[in-house]
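Here the structure comes first, spelled out in structure tokens, and everything after it is commentary.
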Amino acid sequence: MLTDVQGRKSLNGFKLTRVGVTDVKKQVTVQRDYGSSCLNCVIDIFVDLPSTQRGSHLSRNLEVIAEVLEMSVSRPVSGLEALAGDICQMLFERHEYASYAEVNIAADYFLDRSGPSGRISKEPFKLMAKASGKRGKGMRKMIGAQAIGMTACPCAMETIRDSVKGNVSFQGDFPVISHNQRNVSTLMIEVPGRFEVEANDLIDILEQSFSSPTFEILKRSDEATVVINAHRNPKFVEDVVRDILTKVLEKYQDLPDEVEVTVRSESQESIHKHNAFAERVTSLKELRE
Amino acid sequence: MLTDVQGRKSLNGFKLTRVGVTDVKKQVTVQRDYGSSCLNCVIDIFVDLPSTQRGSHLSRNLEVIAEVLEMSVSRPVSGLEALAGDICQMLFERHEYASYAEVNIAADYFLDRSGPSGRISKEPFKLMAKASGKRGKGMRKMIGAQAIGMTACPCAMETIRDSVKGNVSFQGDFPVISHNQRNVSTLMIEVPGRFEVEANDLIDILEQSFSSPTFEILKRSDEATVVINAHRNPKFVEDVVRDILTKVLEKYQDLPDEVEVTVRSESQESIHKHNAFAERVTSLKELRE
Amino acid sequence: MLTDVQGRKSLNGFKLTRVGVTDVKKQVTVQRDYGSSCLNCVIDIFVDLPSTQRGSHLSRNLEVIAEVLEMSVSRPVSGLEALAGDICQMLFERHEYASYAEVNIAADYFLDRSGPSGRISKEPFKLMAKASGKRGKGMRKMIGAQAIGMTACPCAMETIRDSVKGNVSFQGDFPVISHNQRNVSTLMIEVPGRFEVEANDLIDILEQSFSSPTFEILKRSDEATVVINAHRNPKFVEDVVRDILTKVLEKYQDLPDEVEVTVRSESQESIHKHNAFAERVTSLKELRE
Amino acid sequence: MLTDVQGRKSLNGFKLTRVGVTDVKKQVTVQRDYGSSCLNCVIDIFVDLPSTQRGSHLSRNLEVIAEVLEMSVSRPVSGLEALAGDICQMLFERHEYASYAEVNIAADYFLDRSGPSGRISKEPFKLMAKASGKRGKGMRKMIGAQAIGMTACPCAMETIRDSVKGNVSFQGDFPVISHNQRNVSTLMIEVPGRFEVEANDLIDILEQSFSSPTFEILKRSDEATVVINAHRNPKFVEDVVRDILTKVLEKYQDLPDEVEVTVRSESQESIHKHNAFAERVTSLKELRE
């Protein structure tokens, strides 16, 4: 019989917060009302380890992923947060010594978007999901999305408008020049047990909070429309985060107070070599006050 | 007079947790007892933003970095955590509306290491520092290091030893084959006000906790020595983290209980395409219990 | 009527070698005899630009990708190199001024692999494809794959065997310890007009050329088998590249002499912080000499 | 005596194009007329391998780097291309079987730049160097630089100017809005034996070829100036490459015809999720025609 090296008594008696495997790549098919998506996922999974045990049985983590994905062939997964939750649940069954389990999933994602003149293109996004919890204490599941958009700076625009006033004939309310740039924003929201949050809605919220969403194919007049829209709607990263928060409050009025929300926006500044960043980590309760 | 667009009243009344700049690249000279180091740093800095103000004045963050670095020409910086602390301090002065400030620094770092046969080579490491705190409540400073080393798996070694016993003549206590691989480990520790923690000591602790440290130049017999040492000292990622924790307890007996410690180890498994991971986030108080 | 800014006469009269778009993300379904694969692709496409024209019409590149992918819904793509070829072909139609076109595609890919004890797991790989050529001169298409495997070092093994001889009782032909590590190898091969090269075959060739392939799930005895196999089959990166070349010669005897082949192997050394690298860029003609 | 495993006869008789080590990290001090720079370098070095030999002696590559850097303490290195050349030279001495040698170096680099109102800030750049050649046939050395700047799109600007004409009162020659974004451009140029090329000049050429250079610290009016300058100087990636080529021709009139030049520009488009790219790979002879 093989010795259980991992199961041995630990030599120096420290418990560990998280032990597991990272960068596991898996292809998953998610089934939603509007159709199915083929998602290339990167998965990290962890359990804690008591001070009395030398090693965690890491191969069980991979078995759990494989089994959950196998079951998903007959019973399709409804979302990445459900998948993370199923894996997290089974981690407790297989690691009898674990009191904590955590699963993080990130995936590339594609959605049809309609450009200014109605042309449809598939745009790339990212999905994220997390499930974690203590044994017997319930599990916290989160679903998230990341989108790339465009921000135009309100500050430079105003400075320039002020500075040229009088010298050049003024353009009515037509926007003046500013710097604008690629922005990457992220929204993660907790999904309590009996509720559902649709990842596509999160992407809608993100894209509506930029100065303008961006598109793969823009012919001449479409390009002008996107640029004009962005400049009519100049935003700091701070504005992007707050506008996402506002839309989250409107959209998820039914979700309970304890729901956790994380919003992040980073602008790859065109006038600097560094980035501008804003973030809010909060709960719906705090936002509703 | 220019309008203060950032200083305007916020439109939708949410405070923000962290607003700032990321990926700022700076070259810093750090002066320690044993000489000076030229460090290429990547710096992220943040303050919070009250609900009543539209934008944070991001250019002030860059001015603060520039001023602190300029002062360091006449009064040399003694370490990255001191640098992070100085920047954090000045953030409160310049962002009068901020109640929280945070500075993160990462830097490439090089140290002379002596190989098995005494040959000296410069090996690359990473340093990390963090300073953060609430206005008027004191600041928490951390210094950290990351090192690359080698782990040999105790489990495969034992399975193989068991499975060949009887079939091949046994090698006394000479180690049998196992899988071994590149491991990246990290140690961060809080440095309370009147204490000092030397980053080089953290790197010593990390390197002594691998199955073996690794070296740039290994001639034939040195290579054999490193491989034999690693196999005489097989370790899971869990073992690496616990051995680091043991050495931290021994080394920092004078540091107070409230000191925070984070230890992380990741093995880029040779037998898998994914990584093995272990982590402990704790305080000296918890470790001493 | 909108001005064609790109179509204007160039101001300073230099032709450009490659002008286009990079990092275009697209999901593609590829249909092969053994089933269909959902591939997340990253696409770079270029044409050259004559000295007389100011700009290339970049949006046409995205239109070409979109149209080729749309056509693929009714007429499934048989492989990434065919997809690259179709896009390359259409680039000449849309960029009437172009004399050169080039398309590069990379994609994550998953295949069932059977572990030592027959257990099936989905393992992650990468596919690459390239199509390029001059207008009217025919097009060169290449298909490639990248796989992660394991190498055990023959040199350290031999040094250690020599050095312990006499001191420890020798193990018959059972391998002694060595360093082993994650290796990433790549094979790209040209696919002339009427020929077919199956990407799965390239992955077979790669995996058979490591000291051992690697697997996601290895229970105790499987793990031992992989480690023993790898040590019975120690390989330098040079050996990996040459073994891939040998298998390419055997497998593709029907392919003509002019076919280009690129093979690359990189070991993330466990005893060093740097990598070991070997490469051959050649033609079947050279290899057959 | 230890067996020379690498020196053994090769089993399957293929020569290899490049064998060596990659991702070697070294800190180098470069001494120029205007002062010394501390450079954190990433070095890749290769030699070829004849079909008759099993392995390249990789540790010799690291010894060569160490020795060249040690010599540089007493005899300071005058530039990265000189360093690459010295390493390349010594590779032939140590790898007696090699007929080809190649060295690539990349380094972070910092330079003082003066913003619109004269304020000095240290801005980050990258340096690159390459030395390669066949034994006894002379060596080709190249020095290069990479800079981040800003491009404003001429096409969107013109479309918008045309489309609003008549509807809004026109601004004289004041620029209308367009999209602008972060651009990363690269220039590499060969440095023949008795000539010198100053890397700082390459960075000057790059920064003067953007719509505007970018700066770390921009107070309100500086920010406006950068934005206005960029919009008064709208550029496609094609324009950036051609303007770099023009400046190269002007600056390096003394360099001989055979000198190789590579110029590349990539815009991280604000209105798209993908990038725009332009490149010219050429010689001074071609450019001068």
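A few points about this structure:
Order of writing sets the chain letters: A, B, C and D. Residues in each chain are counted from 1.
We adopt the following convention: contacts are C-beta pairs under 8 Å (C-beta built on N, C-alpha and C of every residue); 3 or more make two chains touch, one makes a residue touch a chain.
Nothing here was measured: the structure is a model prediction, and the numbers come from that model.
Path length between chain A and chain D in the chain contact graph, taken as the least number of steps between touching chains: 1.
Of all the chains, the one whose CA centre sits at the greatest distance from that of chain A is D.
Per-chain CA centroids place chain B at a distance of 30 Å from chain D.
Rounded to whole angstrom, the centroid-to-centroid distance between chain A and chain B, based on C-alpha atoms, equals 26 Å.
In chain A, the positions touching at least two other chains are 2, 24-25, 62, 124, 155, 159, 216, 218, 220-221, 272-274. Of all the residues in chain A, the ones that touch chain C in their complex are 2, 24-27, 38, 40, 59, 62-63, 66, 108, 110, 121-122, 124, 216-221.
Within the complex formed with chain A, the residues of chain B that make contact are 2-3, 5-6, 10-12, 14-25, 44, 46, 49, 54-56, 58, 62, 154-155, 158-159, 162, 236-239, 241-243, 245-246, 266, 272-282, 287.
Residues of chain D that touch chain A in their complex: 123-124, 148, 150, 155-156, 159-160, 163-164, 168-172, 174-182, 212, 214-216, 218, 220-221, 223-224, 226-228, 230-231, 268-274.
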